[in-house]
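Sharing a structure, written as structure tokens. Questions coming.
Each chain gets a letter, A, B and C, in the order it is written, and its residues are counted from 1.
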Amino acid sequence: MFRKKDIFFKVLLQMAELVDTAVRYFADAVKSDTLELDTFTKEMKKFEHQGDEYTHTIITELNTTFITPIEREDIMELIKRLDDVLDGIEACASRFEMYATNRPNEYIRKYGDVLRRSTQEIKSAVTLLTQKKLLAMQPHCVNLHELENEGDALMRDSIKHLFENVKDPIELLKYKALYERLEETTDSCEDVANTLQSIIMRNS
Amino acid sequence: MFRKKDIFFKVLLQMAELVDTAVRYFADAVKSDTLELDTFTKEMKKFEHQGDEYTHTIITELNTTFITPIEREDIMELIKRLDDVLDGIEACASRFEMYATNRPNEYIRKYGDVLRRSTQEIKSAVTLLTQKKLLAMQPHCVNLHELENEGDALMRDSIKHLFENVKDPIELLKYKALYERLEETTDSCEDVANTLQSIIMRNS
Amino acid sequence: MFRKKDIFFKVLLQMAELVDTAVRYFADAVKSDTLELDTFTKEMKKFEHQGDEYTHTIITELNTTFITPIEREDIMELIKRLDDVLDGIEACASRFEMYATNRPNEYIRKYGDVLRRSTQEIKSAVTLLTQKKLLAMQPHCVNLHELENEGDALMRDSIKHLFENVKDPIELLKYKALYERLEETTDSCEDVANTLQSIIMRNS
């Protein structure tokens, strides 16, 4: 017998895996010296569209399903927060094209690394949610908070370095905006942790 | 007999109409080659003040009225989200003065058009809400999501164009900030759609 | 007899006092012509860490305490909003270091003054909350909304002045970002007022 209510956990898990895949794609791409901009932005856009479809599925199911495994508003909040991470990493990618820059640097690689570790934690935590192992999610949420701190420290370092070394104002403007959007994406990962912790709090 | 609880729908509708009027005023003004900055910013500020008054009325009524036509927190959320659109468009207008620029361009006209179509959808949706035709609101919400995508695509185009063509860093800085604030205002329109969809979900 | 549930009001009040202390430290420091950057940023970071500890205490207590003096979600929301103010003022301080600028100016002093008055209102309002004098909080919330308007007007003045007077794009970029982050912190103070007003609404 197919249990209708399982669709929510299934799609939330698919979304968490998608977020992780998109971030890993980004982190790997920026390891090269020169980005192949066209492929890079197109691939990232595909991940974003897939995320919109998952979000749409969740909304449709919430409107037609009576019983949900956790509160409907928690499901809605969680899919939105996961979508914010996906939108964030896609927005970072699109900035390379907007700013006509195909040169990642060491700092961007470090952001990629923080984000990659963050989405792994997200994937682990959402997997545990779908197994109803709520308390086991807690350490992953703690790690996400620490990774956000790492992201914040990285932003300070990278922007300080920028103002000390880059004298071309337009170049400076570009990388400042890139770094800030990357750091904002680590904030979005932390927001997923906050949402998960609310779910733990209300369900245990 | 005057029904006290109708005040909420009345003021929400007035607010939706005000938001639409303010955005239409903006979209029309930027059609000219040169803005009459003083009049423009003063008019926009008036709309914003009127919005603050509607918001204040809603809060006062919520504090003194026992029965509300929809959940009090939904009313509060909706008036805030509408106010964010109004604050957004006023903030865009004020940037012309802050940055000492009275030259709108083709991109700014396009943002004006996206926003004008968005606030028309908002007005239609809120009208249907006050008529308790909740499901009929859905297509307008879908349109708002599409308009936000249009706004996002427009931001990418306009900023890409900027970095390709404008070599004066201060000029670039000004228009980048203007475009971003305009795009953020299309996000605020989408937030209204999200709020309306939560209301649909909880009431149908 | 120690009453477990009092811990929440106790820590919320300590947090409100910490926010006020941090903002006063900032406002006093920027009165000098030249900032002693190292001490300044280290002290501000200490306040932020202390705030993280209070937030952590609240979360732990919420997870282990059955009876709370107000709704658990209101406690959670309030500590987060207070923490946002603290994060905001620390982020402003850190920008001096990131941008390698140790020169506050008259506008930054004015922001410091608006923020100092805002956190005094916050401290007064939270004190009244812990005394269960909910309606008496209202005027302080009103003042916070007015102070946010003051902050907004100040941002417009300061950025207008910047574009009129500063011709070095990198210098302009630095102060624009500083002013915007300061104004955002006055927004965070207003968000505390909004949270407090929701608490008043739901409890009176």
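Throughout what follows, a contact is a pair of C-beta atoms (placed from the backbone, for glycine too) under 8 Å apart; a residue touches a chain by one contact, two chains touch by 3 or more.
Quick caveat: nothing in here was measured; it's all calculated off a predicted structure.
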*asked:* Regarding the chain A and chain C pair, does the interface count as same (over half of residue numbers shared) or different (under half shared)?
replied: different
*Give the rotation angle, in degrees and rounded to the nearest 5, that superposes the C-alpha atoms of chain A onto those of its identical copy chain B.*
120
*Please work out the Cα centroid separation of chain A and chain C, and write it as a whole number of Å.*
27
*Please list all residues of chain B that touch 2 or more other chains.*
169, 173
_Footprint of chain A on chain B - complex, ascending_ = 156, 159-160, 163-164, 167, 169, 172-173, 176, 197-198, 201, 204
_In the complex with chain A, residue positions of chain C that touch it_ = 59, 62-63, 72, 76, 94, 97-100, 169-170, 173-174
